[in-house]
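Here's a structure for you.
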Amino acid sequence: MDTEDLELSDEEEEITADVVLKTIQNLWQNERLSPEILPHRNDMVECMLGQIQHMERNINKLPKTDLRASIHKMELNRIKYIICNYLKTRLDKIEKYCITIVNDEKQRTESGTNYLTPSEFRYAQEYLLSIEHHLKETILNRVPGNMQAFEINKMAIVPALQSHVFLKANETVNGIVLEDHFGDQDEEIDLEEGSQHILQYKFIADLVKNGKVQLV
Amino acid sequence: MSYLSVTDILVSNEKVPCKFLHDLPKLGFLDPSCTDDDLKAGTSVEIPIWLAESLSSRRPPLVTVDLPKVYKETYREIFSADACTVDLHKLAQYFYELGCYVAKYDIKGEVSTTLVNTFRQRFKMILSASVATDSINALQPLSECERDHTAAAMTTEKALSSWLKRGESLLTTATMVANHRKRKRAEMEML
Amino acid sequence: MDPYEIEFIGENRIASIIPNFSYDKIYLICGEFGPFRAGLPMNVPLWLAVMLKQKQKCRIVPPDWMEIDNLENIKEEEKRSRFFTKMPHEHYMVEAKLILGAASEDIPNASEIKTIIKDIWDIRMSKLRTSMDALMKSGGSYGRLDHLTMMEINSVKPLLPSAMNELLKIQMTSKKSSSATLNSSTFSQSGTSQNL
Amino acid sequence: MFGEKVIELLKESERNRETLSPFNDEKIRQIIEEMHILFKLNMNDANATSENKSLWTTVQVRHSALERNKRCLLAYLYDRINKIKTLRWEFGSVLPPDIRELLSDSEYDWFSKYSTNLATFMRSLGQDIGYSGIDLTENLRPPKSLYIEVLCITDYGKLELEDGDVVMLKKNSRHFLPTSECQTLIRQGILKQIT
């Protein structure tokens, strides 16, 4: 029972299943620990789903009590857990920050740097509409005329990018500026490879996205 | 703070002393001791901070906001002497949150310093309450948000010690399902 | 995250086993393992080692670090040092708990080892509490935490980051407003860092 | 004082963070009624400001109170929305009647919409590569073993397993089942894991 080498797309190099799995594990961990939603990696998820499918077909050919079948099933359960939890974590953020995310995403879609998959985006828009409808029906349409507006900007919940997170540096990055909110006491730190820190997410958000640090 | 936050709404319902700068016809009821229909300029009344904020931010302002006593100098001195001896639950359960609202009416910025230092000093109370064997007593003097931090830390602590003790985590009934079951059982017993 | 999720991540580590059966190589998504030769040591992921052990298909070989003298040294070093010392690896506690839980008969001096590891853990946990308090007192906006393992970092969540967030929120909301009213600032807290 | 009824409403939510209380239709109706009264008073007084200038301040105070009431009502509803979402994830798309009763009609409509939207989303997962979707309400805990021993808490009936076997779930019966096929029943409180 062999895991095939995978092709992501024509231009990209072939990568092996274990690399895809490691990538997904890191994506999952970062998504769990970052306050904002991160750019989707549907390519990786679909690639792994393909692997699972392939593996499941092969397991079915084995006798039920075969030790190998249990081992493969266990591994598949582990991978399914990561994928489900990853997608669910994204869904939770999409719901919580729905107004902000839908707004940001509209702009990102124009520049082709979208963070959501098409079905996540559809989900976010539907979700927002359903909330708006419910609030209007129960409250807004029944209150006095000058109070009826659905004030979308007031209602928006913004991810707390200033919140503190733990990270481990995957490679050395020098000169991270920890801006002091009051301007006069900025501090500069270096993240040496393997070192660990707790600091505000906003200072290292880009490094999470380009893989130079890992949230822990 | 989020528009939809229930906690923030409850915090902003806390009252602060205000002095009205203009007559308010027909709003005499804002002052419980007033028997008149109208509220006269110069009256001092305690009103919720959400209302005080909105009235003091009008141009011209309709009220001046005074600091509640726990943020005044006498108390600030107590806090700076030893913040850990104060029973914040009794004194001001939303000490920090309300403090953030009223700090802007303290032009010297001393309220802000008191809030910051008090939180820093009292952090060790949260730490010890989260591992205390007598958690009821340890929790008692903590303010609402300090209690929330402690409760969260206790949850972590519990999860960790049960992980250290147990082999495997059992799958369990979902929280809401379990709680509604419990509530239903309690209701049945009352009948 | 809860401890079982950290354990889940730690279970990807490679462990050494001696199978009591023979089999061809097995091609998992996370890599290929085997061939299995009865009586010969080989490497598999920790989760698989535990699974095979539960099915009584192998013995688990204790990792090099899981040895009394070595652990005594680590413990002494940890007691002596003001800082956190480097542990055998990122998931030492997960590995210890899983192996000692599932295969204590395969580990010489298992119960002493268990005790020493628990001692080390307790020393580090109490150090961690002291460091958190020091961090909050000294600035509470940045800290460096080398050599803390993922399970240890997880044990201060959400308390430490949320207290730091709370402190920042208090500083920002109470300061922003008063400095808007008055241009001078009496603010004297520095954002100085704290080494854990 | 202004806005006190609505605070009672929110305190009620805050007290029961882990359960959903019945939708308080009556109180909401009263609060909205009050808002209309304040609004009418304001309309009248706004028209009278030419004679009595200080009425303007009164109008402004009432306006703040109206805004406050609106915010509180929306927060009450939004707090419930979050709990209703949890119901979908924990009980599934069909609510037991005693839970269904706690929701207003509009909330129940919202629940159904949420449920449909979620189902559409889950079906779309992996569609491009021939998947029929992924159920995200499963695989919620890190997997530990393939089979677990469970105790049945209520009479449930037949459960057909993927391999075609059928087990009869009767109150107090014990079973050894594939974890992946009984985790949902455990979450719904029908089965209990005992090993």
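Think of it as A, B, C and D in the order they're written, each chain with its own count starting at 1.
Keep in mind that, in the parts below, a residue touches a chain if its C-beta (ideal position, glycine included) is under 8 Å from a C-beta of that chain, and two chains touch if they have at least 3 such contacts.
Please read all numbers here as calculations on a predicted model, not as lab measurements.
Chain centres here are C-alpha means, and the one lying farthest from chain A is B. Here C-D and B-C were compared by C-beta pairs in contact; the pair with more is B-C. Put simply, the C-alpha centre of chain B and that of chain C have 35 angstrom between them. The distance from the centre of chain A to the centre of chain D, each centre being the mean of the chain's C-alpha atoms, comes to 24 Å. Across the assembly, chain D contributes 67, 74, 78, 141-142, 145, 179 as residues in contact with two or more other chains.
Among the residues of chain C, those in touch with two or more other chains are 4, 7-8, 51, 157, 171, 175, 179, 185, 187.
For chain B, the set of residues that touch two or more other chains comprises 3-4, 169. Within the complex formed with chain B, the residues of chain D that make contact are 1-3, 7, 10-11, 13-14, 18-20, 41, 45, 52, 54-55, 57-58, 60-61, 64-65, 67-68, 71-72, 74-76, 78-79, 83, 86-87, 89-91, 98-99, 141-142, 144-145, 148, 179, 183, 186-189, 192-193, 195.
If you check the complex, the residues on chain B that touch chain C are 96, 99-100, 103-104, 106-113, 115-116, 119-121, 123-124, 126-127, 130-131, 145, 149, 152-153, 156-157, 159-160, 163-164, 167, 169. Of all the residues in chain B, the ones that touch chain D in their complex are 3-7, 9-10, 13, 22-27, 29-30, 47-48, 50-51, 54-55, 58, 62, 168-181, 183-184.
By the touch criterion given at the top, residues 45-46, 49-50, 53, 64, 70, 73-74, 77-78, 80-81, 83-85, 87-88, 91, 95, 119-120, 122-123, 126-127, 130-131, 133-135, 137-139, 142-147, 155 of chain A touch chain D in their complex. Chain A meets chain B in the complex at residues 151, 154-155, 157.
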